[in-house]
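Which chain is which? They are A, B, C and D, in the order written, and residues in each are numbered from 1.
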Amino acid sequence: MSSRLNVAVIGAGYWGPNLARNFRASADWNLAAICDLDLARAQRVADSVGGVPITPSLDDVLTDPAIDAVAIATPARTHHPIVLAALDAGKHVIVEKPLADTRERGVEMVDRARQNGLVLMADHTYCYTPAVLKIRELIEEGALGDILFVDSVRINLGLIQPDVDVFWDLAPHDLSIMDFILPGGLDVTSVSAHGSDPLNTGKACIGYLAMPLNAGGIAHVHVNWLSPTKIRQMVIGGTKRTLVWDDLNPQQRVSVYDRGVDLALQSKETADTRAANISYRLGDTWAPALPEREALANVAGEFAAAIREARPARTSGESGLRVLSVLEAATTSLGALGAPHPVTSYVKEVQEA
Amino acid sequence: MSSRLNVAVIGAGYWGPNLARNFRASADWNLAAICDLDLARAQRVADSVGGVPITPSLDDVLTDPAIDAVAIATPARTHHPIVLAALDAGKHVIVEKPLADTRERGVEMVDRARQNGLVLMADHTYCYTPAVLKIRELIEEGALGDILFVDSVRINLGLIQPDVDVFWDLAPHDLSIMDFILPGGLDVTSVSAHGSDPLNTGKACIGYLAMPLNAGGIAHVHVNWLSPTKIRQMVIGGTKRTLVWDDLNPQQRVSVYDRGVDLALQSKETADTRAANISYRLGDTWAPALPEREALANVAGEFAAAIREARPARTSGESGLRVLSVLEAATTSLGALGAPHPVTSYVKEVQEA
Amino acid sequence: MSSRLNVAVIGAGYWGPNLARNFRASADWNLAAICDLDLARAQRVADSVGGVPITPSLDDVLTDPAIDAVAIATPARTHHPIVLAALDAGKHVIVEKPLADTRERGVEMVDRARQNGLVLMADHTYCYTPAVLKIRELIEEGALGDILFVDSVRINLGLIQPDVDVFWDLAPHDLSIMDFILPGGLDVTSVSAHGSDPLNTGKACIGYLAMPLNAGGIAHVHVNWLSPTKIRQMVIGGTKRTLVWDDLNPQQRVSVYDRGVDLALQSKETADTRAANISYRLGDTWAPALPEREALANVAGEFAAAIREARPARTSGESGLRVLSVLEAATTSLGALGAPHPVTSYVKEVQEA
Amino acid sequence: MSSRLNVAVIGAGYWGPNLARNFRASADWNLAAICDLDLARAQRVADSVGGVPITPSLDDVLTDPAIDAVAIATPARTHHPIVLAALDAGKHVIVEKPLADTRERGVEMVDRARQNGLVLMADHTYCYTPAVLKIRELIEEGALGDILFVDSVRINLGLIQPDVDVFWDLAPHDLSIMDFILPGGLDVTSVSAHGSDPLNTGKACIGYLAMPLNAGGIAHVHVNWLSPTKIRQMVIGGTKRTLVWDDLNPQQRVSVYDRGVDLALQSKETADTRAANISYRLGDTWAPALPEREALANVAGEFAAAIREARPARTSGESGLRVLSVLEAATTSLGALGAPHPVTSYVKEVQEA
């Protein structure tokens, strides 16, 4: 398939210009329009990519039969009506995180895309960085063995957001990455959220999420707006090897440690004899070379490929929904002082329906 | 007071030799005896410090009127009877962590020391390292302002212990340090413990503790036996400054960041206007020089000073009890899948009794 | 003085666009023209800053009485004729590094600027980064005491340049920075250059420069195109404190160590007794906060200030000449297998003339 | 050969106790005597290893037919007479660095050992650390390809020695390691030494050594007593891969980078076309696991093996001589302000004799 797909970018605020630039640079896409109620803003984005038609009217975009897809970069609370309208107009959709402002609305969006046979992709940009793509590949090919734990830390002196707490601001990154790299996606039994607002800003500025994995083991996230040092590190422990991703170390972002604990399990053993059968591996460390490529270029490519191959995107609406489900359960747990709250699986819901 | 105090070391296993060496080297102490049922072991320790009387009999030690104090380095389950016997014999006591194997027994030990007017000191060695002493001093003099959060990470490829889980093995370090440096000690409302045993060893190998502080803010601990990389880091956020202690960076263990979030609070403001009054400080970083001195030498000095000044040791029996209380509550929370469990305060108990 | 100065950028290749962007954004300047023989290239630069007149003719620029100054970003071998023409046309000049392709030509340019009473500024951009500005300020105010040594390492897997060796490619950065921060500028007695071309590329890919300082102490530079790890570090030792600049550590670029060796010198002492009077300071470390500001914005500001205040720029033609003098002497030393080669001082030359 | 060899340690000062402890612990050796004029000092060392005969008389040791070998840890100026006496008494010898205080005396010692058919080993302890043994192995098996450069930095706030300058104090480590790992040993054409004594202590406190390698490429050493930060790093560039040894990073001491510059050389090409044929490899990084083993235990083992197999030790007298030759040439170069000074090869000398 050699012809380009036509895409319109809806929303010319913070993220829209990046989407516009990458669709413009992509061999898969023709950037057909920039749509924003604020025409001056739309014009600035259009100029920055060398000129594209602009419009203040979403209807114009959705009724244009030449447009194959829309990229939505508007505020979260507007995702639900715009996405539904786009899907009903027969457009494929990529939408900023979070998918929607409530899980219920997210479910409706995912359902609609399924019913209409269209691609609904979550723009989990981080998943398409060279480091995360490599981590996914390593786990997929079994280099780590079974996953025992995932521990993610994302702390920094961050902007205190007016409308969301630190969980909704930062944790979507960690959760969407976990969903992307774990073999069965982010499949957790429950979530416990512990937060603190020691400055009385009206929302949690420090947050911890503990999530037992259905497949065994545990996932944990620490997000913090009040840390003077910046840490972005994820440790992924496996039965074979353990991987450390240190995103702030450009010289060695991903390290794979052939170190760990081995259990020589035998039948009929008890916990006591088991301890005696533990041994330690202290093997080599290996840091794969990573290509340099902008994540959003990969996003644009994946969106096109999903449409052309009529398959879900690797960060599908469902993955956006899993992230949303955890966030919503976390908010409930937070209100219950950290008591674990169950996370409903979309698959289960669909099966039961 | 120029004369030396006489001390006997009870238990010549893993930690006993270190105690013996430091009491021997101290100007405050005369190392009077090594006591262990295994006489050969006692002899090896005695030889290593240039010769000291040995005995297999605890009674001999406790009935010797020349002995002022005993240092107990026996297994945790034996602390209760040995400490009580020593206190009843009129000896001051320093005892290894944990204070006892149950909180109830710990309370009895602390009560007995109070009643008998004797020093009961918890050997929280880490508190006497130059780094932790400096941190306590900085917080005490107000350099950090009010404490907003404490986040401690202690992960490593560690030995899976036969009898205790990762909480009881590693967290006493973090908890005793928090108790030592926080103005009001480790004063938490409740504890939520999340653990995982993904290798089926029969006990948690990965653990998280979330503890809201009574004074506001939150304390959190991450301990892990399965990490291939070693991290020992504590971040202590305050209203004025934030401190990072990286124990594995000998060139800069303690860093004080004059960075943070400032709130210009005004009367009648709402959460919305509050957000508008947030500003950021991005000031200098400062790393205090730390003297080089073995922590146990400081422990020996503090034990002697507490006895001579008839005051509680800086790591008193009560502080050991606070650590024990959190650990015991953590075990309960762990059994309840992380639901927060209240932590009883000893002070409250005493007041109510 | 409220009116803006008019500047034309000559050369629209690699560096020209950066100059154009920063002059455009500066409150001190009016970007009046882009001049390049390749008009298409000039147009692209003009477009990128929102539209500026372009011309292929240097004469047009130099004969335009409205133009106060020119910024020259053409190849090094063309600097000499263009700069002289501009100075003769009464324009102030800022020119890319290196000042010229030979020291002799550089001297002629500096002489001409003096004779014509015009500013000739070397665009040593690195000197205007927040880190280097702070280092200069600290040395100036005496925070380090007298300078004992400067050691600079700039290694990386670098592009092997077709026309210059590693000394001429990388060392101008280190040398111009040393010239900027040292109280008397880069005032060295001689230079020894050791190079190696182990891949037989036809030019040195690894280089070392040793330069005794006239004020005492030594400066040293290590540049290397063949290192798989990137290091950009400068250590500046002083009698009072020592400063380490690690340009690849964004969280702590500049560290000032209150550590060092103290000599308690007394009259009549000999080298032997002197050794006995040595003591060590192991004081605190301090990392100043650095503002975030693009270096070229500071360059544009300094160029305007020098013109308005009729004073030499902080990176003057003379400083460019000192860098050039060391590089030329280094090339001679390299040909003599590292034998030290004297470096002629421009000041001396002028005084003797 | 199952019986143990008998060794006496001569000199009970700084290093003697370490030698005594390791010979005592070795399965290859019987520690037969400690010899020191200061009998109290000898006794302390003997006690520390659980009791060994002591003597103040070197003659007693050398005339004892049961003694197979001596380990000499006396001041450098005494090495020459003691080593010659020991060799003449038929004893194998291991001697502290430096081999002797002058090259001439070192040559006499090496000659005598050859003539007498005895092992003369230089105790270059650093060469037997797990990291250096691994580096030697990797180079030997061709993992790095041909060596292009070796750059070693060893800087620290160091004790200013009363009798030697920073070259003689620190550089023997770097030089002996280079001699150990380079395929042909430390085979340099000349050495240029640049030093500085900015505090007027009477000797160089900062030093640089540049040494073109006979096999092509360059070796360089930076030693410094005045640096507030500690760096111990060696970069070894090869045609295939480059290795970085960071001795202060216990979590990843040795890293092998599959990165570098490739030249597609063709016949008849010129330097210009050559540049066009350069390409870059940006492959993986690999950090081999290193066993934990004390270097001196390996030294004791190698000494025994060399004696039993009647072969030179891996750090032979000749290797000690090569280090001494470079140091002596460096001192001459230092006096000539860094002019390169030739280094005489012992092999050549022997062949010409």
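To be clear about the criterion, contacts are C-beta pairs under 8 Å (C-beta built on N, C-alpha and C of every residue); 3 or more make two chains touch, one makes a residue touch a chain.
In this text, all values refer to a predicted model and were calculated from it rather than measured experimentally.
**Student:** More contacting C-beta pairs: A-D or B-D?
**Tutor:** A-D
**Student:** Among the chains, which one keeps its Cα centre farthest from the Cα centre of chain B?
**Tutor:** If we average the C-alpha coordinates per chain, C ends up farthest from chain B.
**Student:** So what's the Cα centroid distance for chain B and chain D, whole Å?
**Tutor:** Centre-to-centre distance between chain B and chain D: 45 Å.
**Student:** Quick one: report the Å distance separating chain A from chain B, using the average Cα coordinate of each chain.
**Tutor:** Computed from C-alpha means, the inter-chain centre distance equals 40 Å.
**Student:** Please compute the C-alpha centroid of chain A, do the same for chain D, then give the distance between them in whole Å.
**Tutor:** 54
**Student:** Indicate the residues of chain D shared as contacts by at least two other chains.
**Tutor:** 229, 259, 282
**Student:** Considering only the defined contacts, which chain D positions touch chain A in the complex?
**Tutor:** 252, 258-259, 282-289
**Student:** Which bits of chain B are touching chain D when the two form their complex?
**Tutor:** Listed in rising order, the residues are 229-230, 251.
**Student:** Write out the stretch or stretches of chain B touching chain A in their complex.
**Tutor:** So the residues of chain B in touch with chain A come to 148-149, 151, 155, 157, 160-162, 190, 192, 194-196, 198-203, 205-206, 208, 210, 212, 216-218, 220, 222, 224-229, 235, 237, 239, 242, 244, 255, 257, 259-261, 263, 265, 271-272, 274-275, 278, 280, 282, 337-340.
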